[in-house]
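You will see chain A twice below: alongside chain B first, and alongside chain C after that.
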Partner chain A sequence: MHNVKRTRQSPEALAETKLREKSKIDEYLTLTDDVLSRKKPDWSKDAFQLTQSLLQINPEFYTVWNYRRNILLNGIFPQSTPEEINNLLSNELSMTTAALKAHPKVYWIWNHRSWCLENVPDGPERNGTPSIEWRQANWDKELFVVERMLDADARNFHAWNYRRYVLANMPTRRNETSELTYTSRKIGANFSNFSAWHQRSKSLVVLWESGQLDPVQSKDEEFELVSNALYTDPDDQSAWIYHRWLIGSGENKEQLEREIQVITELLQEQPDSKWSMESLVHYKRLLLQHHSPDSKALKRECVELLSRLMDLDPIRYFRYRDLTRDLDY
Partner chain B sequence: MTTSLLVPLHVAYIRALGNSQDELSYHLSAHLRMNAVYWGLTALCIMDHKDALDRDEMVDFVMSCWDEEAGAFGAHTDHDAHLLSTLSAIQILLMQDALDRVDVDRVVKFILSLQQPSGIFAGDAFGETDTRFLYCAVSALSLLGRLHELDVEKIVAYIRHCRNFDGGFGAIAGAESHAAQVFVCVAALAILDRLEEIDQPTLCWWLSERQLPNGGLNGRPEKLEDVCYSFWVLSALSILGKLTWIDASKLEAFILSAQETESGGIADRPGDVPDVFHTLFGIAGLSLLGYPGLMDLDPVYCMPASIVENVGLRKGWKALQRRTS
Partner chain C sequence: MDNHFDVIVLGTGLTESITAAALSKAGFKVAHIDPNPYYGADEASLSLDELAQWVDQYKDDKTNQTVSPRPRYRSVTRCGEVPPHAKQYSVSLSPSVIPSVGPFISSLISSSVSRYGSFKLLGRVVIYDSGVVKDVPQSKDNIFQNKAMSLLEKRRLMRFLMFAGGDFENSEELQGLENSPFLDFLQKKFLLSEATARVITYALAYCYFANEQTLPALHRIRTYLRASGRYGSSSFLVGYYGGSGEIAQGFCRASAVGGAVYILGRSVTSFVSRDPAEPEHPVLTSDPARFTVEVDDLPERLHCQCLISSTTLLPEHLRSQADIIRSTIPSCNSPPPFTIARCIAIVDGSITLPYSLDGEDSGNASDSLLLVFPPESLEGGSTKSAVHVMTAGPGTMSAPAGKGILYISMALPSDSGRSAEALLRPYLTAVLVLLRAEETLSYSTFYMQELVSYTPITTDSLMGLLAVPSLNPHLTQGVDEAAIVAEATFWKAVACLYGERKALFDQDSEFWPSLAEMEENEGDDIQW
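Presenting the complex of A and B:
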């Protein structure tokens, strides 16, 4: 159970709750017994309806989702036209949209939706030629649904994973640039949304590798975006972690030195900024590793920063101590 | 503020869970029953009260969940087989020395049938994939002594594909790093003796940054603390030998503060309703932190270390030294 506050009930109130629950329990167990006893081999529409009643009470009942899909596959689809199958699956998607709003983190609901999408027939014939109208319409709608889910909770990892699944599998793939735009919007709404920064990193790699964006120019724009975030809230991890991704292994010396300068200035403005110090240590160590292996000055600067971090952030004292030892100063 | 682990209360809490048929939530969570029995039994073992639940009754329950058609275990009698409940069933039977009741060949066949061409595992025949299921498969096959039947390279390739720039792992390739998925990937690699696949300095940095000023751990950047991450984060750190990179005493105080002090159990955070899931993962975290009086927990299999040692599967993890008081 997550995020359910404890409440104190008197013994009388508790007894009353239990009494009220008793009829609900009886009803639920009767329905469960009915559904589970029909499971094999009742593929009737009655049984289909019963699974719906049960899943509305308990969307976590994975066995009943399985049963529902088996009824569709073995009982209903074989007697249906493609158009009817499309309607049935569209209904399934609508039903689970409602369920998702109430239970946005139930794996089984998301899973049922992807099964439905994968089973939507292509589309009707138009003037003797096949179309993908139904498939197209359902997948397009899915992207809309998942965006609403991310509007409600911008960190819901189920929704982000599902979004990536939809984007990768829709019949007409969207241009990756539109996904980059989407992450700009999410990050703009909240710099602290690491899920969106993560998605952005994936999107950019696709755009760089496919030649749709010039990596050098695009990286500079990213540094500007992320610097804004760092200056807005230097205590927020999200942008710092993204910044570290942009620097990568630090092979670009000029870039590394420029960013060290930017962070040094931030640290002057915010002398207790833990993340500025932590990042400076990391980037100076990259300089040592790749560009100036013998610089005593860099080592000394790292040791000094680490010593301040030990005081400022004592819960990670031993990490800073281990890093200090590694420097062998 | 509670400053010690209320062992007798938690034992009573776990015992009482089996007798709460008059609560609707008991019935609504039947799909988790097999996992719940595993969580409860493991917590009892770590508190050295294994006998608080009746062994024969438990083994009978597990066997009643056998899905003859699929050849594996469901979460409850008459529920469908799934990898999540199958791993829990195997763990319970191993802890209760009753693995001889299982048709191992059929279970192995079920598990192997769920590996996808990409290397990841589906949870059941309907095909949802997740690195959690990959871990279930690896752990279960290892506990059954049948790891050699697995296509290890394919699995490792998939895990590598899930690795993010922050060193962590997500539920599927492309997904954001999440501490629970880090546990499943790191523990699977530990079982497969392939820890070199991990960018250890980066991952251990990311894991150490899960600790918040209040001592609790979160599962992703800028999220709230939750007791269950005490296990997901600590297990990975202990497998990678970096448990000292978080503040043990602050985390310990946070876990203890999430105890329910009247009827027992541990919640996700102080003041919330306890459940057996958080009770186990809180106690598991305390065990790894060297809390006095607890039994050692194996962070790779999330089972009592003595059981894992008996079957010769202990890997090179390191917990903090057990304190005497």
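Presenting the complex of A and C:
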């Protein structure tokens, strides 16, 4: 486990620890027996309380999470008003927040949260009709939780996934431009972040398709942004992968040639940049495929680059050799 | 009071105080004396009225003091009146910042003196260029987001920073160029533009002069790069209540807790050393003392086996026989400066720079800023020396709300014919314009601080007599050097006392006794 120091203990101390642990183990086993033997169909408040005690000790016991949800659905909700249900679910949400602080990667806690959020009833009543206020409030808080997590670790792809889930389920959708700004912020703070670039690509597609951003100008701006990353750290893969996505199939000849020039200059400045060479080969082959299939110059340039790559990156020697053969120079 | 001590320390400057604390905690009997009524000596933190008194003393000081050499402070001028609430200001006579990684912060932590003070991260570091200030890029993301640098320049700067942060000692880029001027090295070997080379030289390596050597500058940069991120993005911490003086007092407190005796506000009136011609006796419990001092107004004389003093407090006849501890860190500025021109200005207004770059939130702007003027950057300013400006305000409890302190310092490579005020006034004016605080100056003083360097003695030094040089005035280097000198002094003192107090000295002892291991928490039952 992380952050747990290895301690060398004397035999007496070890025996003591074993004794203390034994009593905890016994407690746990008794509790488990009690809960599991109740399963069908005990929906009492008593059972509800027991599941809480058990889950506190072992939050990965998913059977008991299921049991707890069943108790809520079958035992408690049918006897509650929408307001009471909302309060119960809010309570579940605070409980899981505390649990997540201690166990941030347990899928079953996240599951339970999602279930709670999806089951928040419509309410409260406004002018005689149920509003979406409770749901809105809970989903807003959820977004806030995700943002705190991403502030703590901007590269946590679970959190980014969850962020997409929350944004998709919010009763009133956030506008995509604000999401683009969010990715800008995260990338600005540390551009070595696959998830942030990925999220950016998703936002851009939505904005291009909806007409809010002009694809041509926007792409040019994106090339400008990613070049800064490439030049600042040519070893960072996330920027190269984003660049490759921007190029796409290479149909825009002018863009392709321009970017080849940019990377060529980078390679001149940093002659050992493997990714620069690799990308140049890839992009020149796109040029060959789509625009100048007969160019001997391009083929020769690719072969030269591949030969350098074979020296620089010997573990991929055979791949580069295969690519050379495919070029048929 | 029992007047036989193992060690007597003269002067409560930062270096001497660290040594006193270490010796006291190691179990030696220490007496610590300072002629001033405050701790910190030449790096003390003074309230504003104490500062005014200090300034007036040196301004009018025509006495030929027999105990100390030529005046350490000269060309002293002052202007304006001391504003109200003088006690709410903490002014440092030697402003400095603490690198987040280094011997000084390690000493602060290991000795637990860090608990006596408060610290915060230094805010922005900016460099002055053509009338405006520019942020100094400190990290990869700064460089990435910088709109003023070309792509190529970014690549070259990153490559240099990677080089400087790694093991450059045996690198081929450095071979033969260790003593060459750093500015040239940057432009020739890393193809950096002159503008970028200046930023690195003056605002990352904090060089004073254009001809400063490469190797020490690289050492400094590496230290500061590695310090970045430990507590935050800045490489430096700033101490509350005026920094060094407050910290010196903290070490004295630790020393007193270890049993040391403190005597402030009294001078030593006579020194007697045992005749060095006498052969050293083997260990006897009633060994006669090596040194005896008489202190003003104290009836009893004080005796010790080891006398440690700041060089400024030793009389001439003893200083020529003392073992003056030199620092041996590779990052000392080379060539070293000769004199420092200083200015302390009290401002009745805000001292934060209005944020203009990258849309950053200026609500939490720090009032501890570092502003560097490279040589030839200011009309009417110096063409040879860089100038460092530091601000201090209510954020570090150095001034009351709405007020601030400006520290300006210029190192001079040789004796300058001009007064401190003539040299520094253009910079004060420029800074006030940048802060949009032209009309808010309430009190200011200018002075020259002599940096005396004593030639090493050629004969054997007197046994047990150790002298500690003045604190290096460099903004970022000074405190680390103090810690290194203090440790070297400590070991020399211990070696000299070894015979007398054998039981105390354990072969494997460390500079600071190790902190007690903390109890490990059993289990983590978190109730939720």
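Following the convention adopted for this analysis, the second predicted complex is superposed on the first by the 307 of 329 C-alpha atoms of A that agree within 3 Å, B and C clash if a C-alpha of one lies under 4 Å from a C-alpha of the other, contacts with A are read in each partner's own complex, and residues count from 1 in each chain.
Definition applied: a residue touches a chain if its C-beta (ideal position, glycine included) is under 8 Å from a C-beta of that chain, and two chains touch if they have at least 3 such contacts.
It should be emphasised that the depicted structure is a prediction, and the values quoted were computed from it without experimental measurement.
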| item | value |
| --- | --- |
| Which superposed partner A:Arg174 touches (first chain B, second chain C, both, neither) | neither |
| Touched partner set for A:Ser227, first chain B, second chain C, both or neither | second |
| Which of chain B and chain C A:Asn111 touches, first, second, both or neither | first |
| Partner chain(s) touched by A:Lys5 [first = chain B, second = chain C, both, neither] | both |
| In the superposition, chain B vs chain C on chain A residues touched | B |
| Chain B versus chain C as contact partner of A:Arg325, first or second or both or neither | neither |
| Chain B versus chain C as contact partner of A:Arg258, first or second or both or neither | neither |
| Which of chain B and chain C A:Lys22 touches, first, second, both or neither | first |
| Chain B and chain C contact sites that coincide on chain A, given as residue numbers | 5 |
| Of chain A, residues touching chain B in the complex | 1-6, 18, 21-22, 24-25, 28-29, 32, 36, 39-40, 57-58, 60-63, 65-66, 69, 107, 111, 114-115, 155, 157, 160-161, 164, 192, 194-195, 198-199, 201-202, 236-238, 241, 244-245, 248, 314-319, 322 |
| Parts of chain C lying in touch with chain A, wherever the complex brings them together | 140-141, 143-145, 151-152, 154-156, 158-159, 520, 522, 524, 526-528 |
| Parts of chain A lying in touch with chain C, wherever the complex brings them together | 5, 7, 20, 56, 95, 98-99, 101-102, 188-191, 227-229, 231-234, 262, 265-266, 269-270 |
| Interface residues, chain B side, partner chain A - complex | 21-24, 27-32, 69, 74-75, 78-80, 82, 124, 126-128, 130, 164-166, 170-172, 174-178, 204-206, 208-209, 211, 213, 215, 220-223, 226, 242, 244-247, 250, 260, 267-268, 271-275, 277-278 |
